[in-house]
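Naming follows writing order (A, B and C), and every chain is counted from residue 1.
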Amino acid sequence: MSNEWPLWEVFIRGQHGMSHRHVGSLHAADAESAMMNARDVYTRRNEGVSIWVVEAAHIAASAPGDKGPLFEPANSKVYRHPTFFDIPDDAGAM
Amino acid sequence: MNRDQALFEFLLRMGDSTLILSHRISEWCGHAPVIEEDIALANTALDLIGQTQFWLELAGEVEGKGRTADNLAHLRDAWDFRNLLLVERPNGDFGKTLMRQFLFDVWQSLMLAKLKGSSDQRIADIAEKASKEVAYHVERSANTVISLGDGTEESHQRMQDALEDLYPYVGEMFIGDKVDEVLVKAGIAPDPASLRAEYDRIVGDVMYKATLQLPEDDFAHQGGKTGRHTEHLGYILADMQFLQRAYPGAEW
Amino acid sequence: MYAQMVKTAGTGVKKPKDMTAEEKAFQAKIDRNEKIEPKDWMPDDYRATLIRQIGQHAHSEIVGQLPEGNWLTRAPTLERKAILLAKVQDEAGHGLYLYSACETLGVSRDELTEMLLNGKMKYSSIFNYPTLNWADMGAVGWLVDGAAIMNQVPLQRTSYGPYSRAMVRICKEESFHQRQGYAIMMKMAAGTADQKRMAQDALDRLWFPSLMMFGPSNKESVHSEQSMAWRIKINTNDELRQKFVDQTVPQIEFLGLTCPDKDIKWNEEKGGYDYTDPDWSEFFAVLKGNGPCNKDRLAARNAAWKNGAWVRDAMLAHARKKAARKAVAA
């Protein structure tokens, strides 16, 4: 068995109430250490108020080859966007 | 001994301990077992340097002779340093460094918790800021001591050796003297002995989790707080003070 | 530039008629300025070259901790010590970001480390020079980081997504490095006679090695053409070196120091300085292992790795024990 510490992906919520965002990776023996390492490595400049760490092996990712079937069908659903609808200015804010 | 004299001594004890420990930790920069630990150690050292600046600046102010934090750090000889002997002990291996850190962190966190209620607002303010930093230091060093103590056979042995080597430098933290008496009376600082029970509880708990055995012999080396140091401090100062000593009066 | 003389894998730029359909699509994507992501198809040579380049860059950050770390315990004031420590710590962070980017290409950090330690991979030649006086802390930040930034800023637009993102983060953090270095130089140059001497001495020793950081002239290199087609190299070595000289000479004058290149001269026609090339035989000697500090630097990294093995093993052993206990309890 390899003795390299597992790879973890780090997600941080910044100061302004946004969602957690992927900021990078690091190595750690377990979740507790990964959390501390994330704090030490990725929040040195006041970057965050909340941290998630996920072991990289546990992330399921979409395959690049599936890009067409996964994402292109949404292209034709333009009616999901508010700009699709023409509402007269006289109707007021909406 | 009047109040300000005692206060000056006390501030040196706090500031010199963080100064010398930060110096020791900074020796690790670029040499730690993994990058993540390298970065973490540097964070701890940076916190301690920041605390040193506060403590020593206040010491200079209380002394009233116009000495700055830098003057105190770089222009006193070993006999005028008041740090705990523990912090001048050589780094040894990574495990020993973290054991020293943990033994110091627990004491420092308890001390700062009391100092937050100091009758001297300047001290309470420093303690308020520092205690947040130190709360993280304890968490991290405790975690590492537990992992290494309860890791492999080799790491367990190394940590047990580190504990036995360093434990005789723990007792000094809790031995009070004239300085402490004056400050306790003025409500400025706690009686050092009053921190011992909680310290023993926390350290005992972590050592249990780390599967390490606390030494039964409670012999305590002393002298740091009154200026009688180990041979190591002189070398630390020779490094640390080199530029200020070799080029007096220069600005950097 | 922390990645020097990275040998591009393959046999030079492929003509479209020699490309497979996959290769054509790949190149078209790069030409459209789209990013290549880890799971995307990529030519083996692209992957191999990136591993060399990012790996060398990462190694340089880590070895680069040592020359500045050399003065940490002798920093002249508490503030200077804190700034220097934060700076050297950043280098460790940058090494970590870059190793992470490299790991997305299918090579582990441990494998990369082993290749650094056994000499199979290189790091920047600059870190094989010693730091001999305190002004070196200024000169390293100002010149060495300055030269690195020249290369890193355009690399934010490199084609490989993880590398590009690491560069963005690094550049954001790096901007303080060069400024703190120059701030030290200003203090020294305006200080006592001894301090001025230190400042000039540091500049004298580090000027030509800094020019070497960009690597030899690569006008005729087919390798670099391929790397440029892949957008993992954005500018030529000579372009970056010229830019660095043009930026730095006025800064030397501002400090009131003397440029170690006695023949440096403004060339109105080209709108830049004519400068003397560094001694490339020295550069190759350093690469071969004969710089003043090669042995010490590698010895220090080897010692750190070897002495840390029991710690890495123990932390993992503890994590596994803990997981096993949890499994039993569940």
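The criterion applied here is as follows: contacts are C-beta pairs under 8 Å (C-beta built on N, C-alpha and C of every residue); 3 or more make two chains touch, one makes a residue touch a chain.
Here the structure is a predicted model, which is why all the values come from computation and not from measurement.
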Furthest chain, CA centroid comparison against chain A: B
Which of A-B and B-C has more C-beta contact pairs: B-C
Centroid distance [mean C-alpha coordinates] between chain C and chain A, Å: 29
Geometric centre distance via CA averages, chain C-chain B, whole Å: 36
Chain centre separation (chain A, chain B; CA means) in Å: 40
Residue list for chain C, restricted to those that touch at least two other chains: 86, 89, 93, 96, 312-313, 315-316, 318-319
Shared interface positions of chain A, touching two or more other chains: 5, 26-27, 29, 33, 41, 44
Contacts with two or more other chains, residues of chain B listed in rising order: 34, 36, 39, 43, 147
Of chain C, residues touching chain B in the complex: 62, 65-66, 69, 72-82, 85-86, 88-89, 92-93, 95-96, 99, 134, 184, 187, 191-192, 194-195, 300, 303-305, 307-319, 321
Chain C - residues contacting chain A, complex: 37, 39-41, 86, 89-90, 93, 96-97, 100, 103, 108-110, 166, 169, 173, 312-313, 315-316, 318-319, 322-323
Chain A to chain B touching residues, read off their complex: 5, 26-29, 32-33, 36-37, 39-41, 44
Complex interface listing, chain B residues touching chain C: 19, 23, 26-27, 29-39, 42-43, 45-46, 49-50, 52-53, 56, 69-70, 73-74, 93-95, 144, 146-148, 150-152, 154-155, 158, 236, 239-240, 242-244, 247, 249-252
In the complex with chain C, residue positions of chain A that touch it: 2-5, 7, 23-27, 29-30, 33, 41, 44-45, 61, 63-64
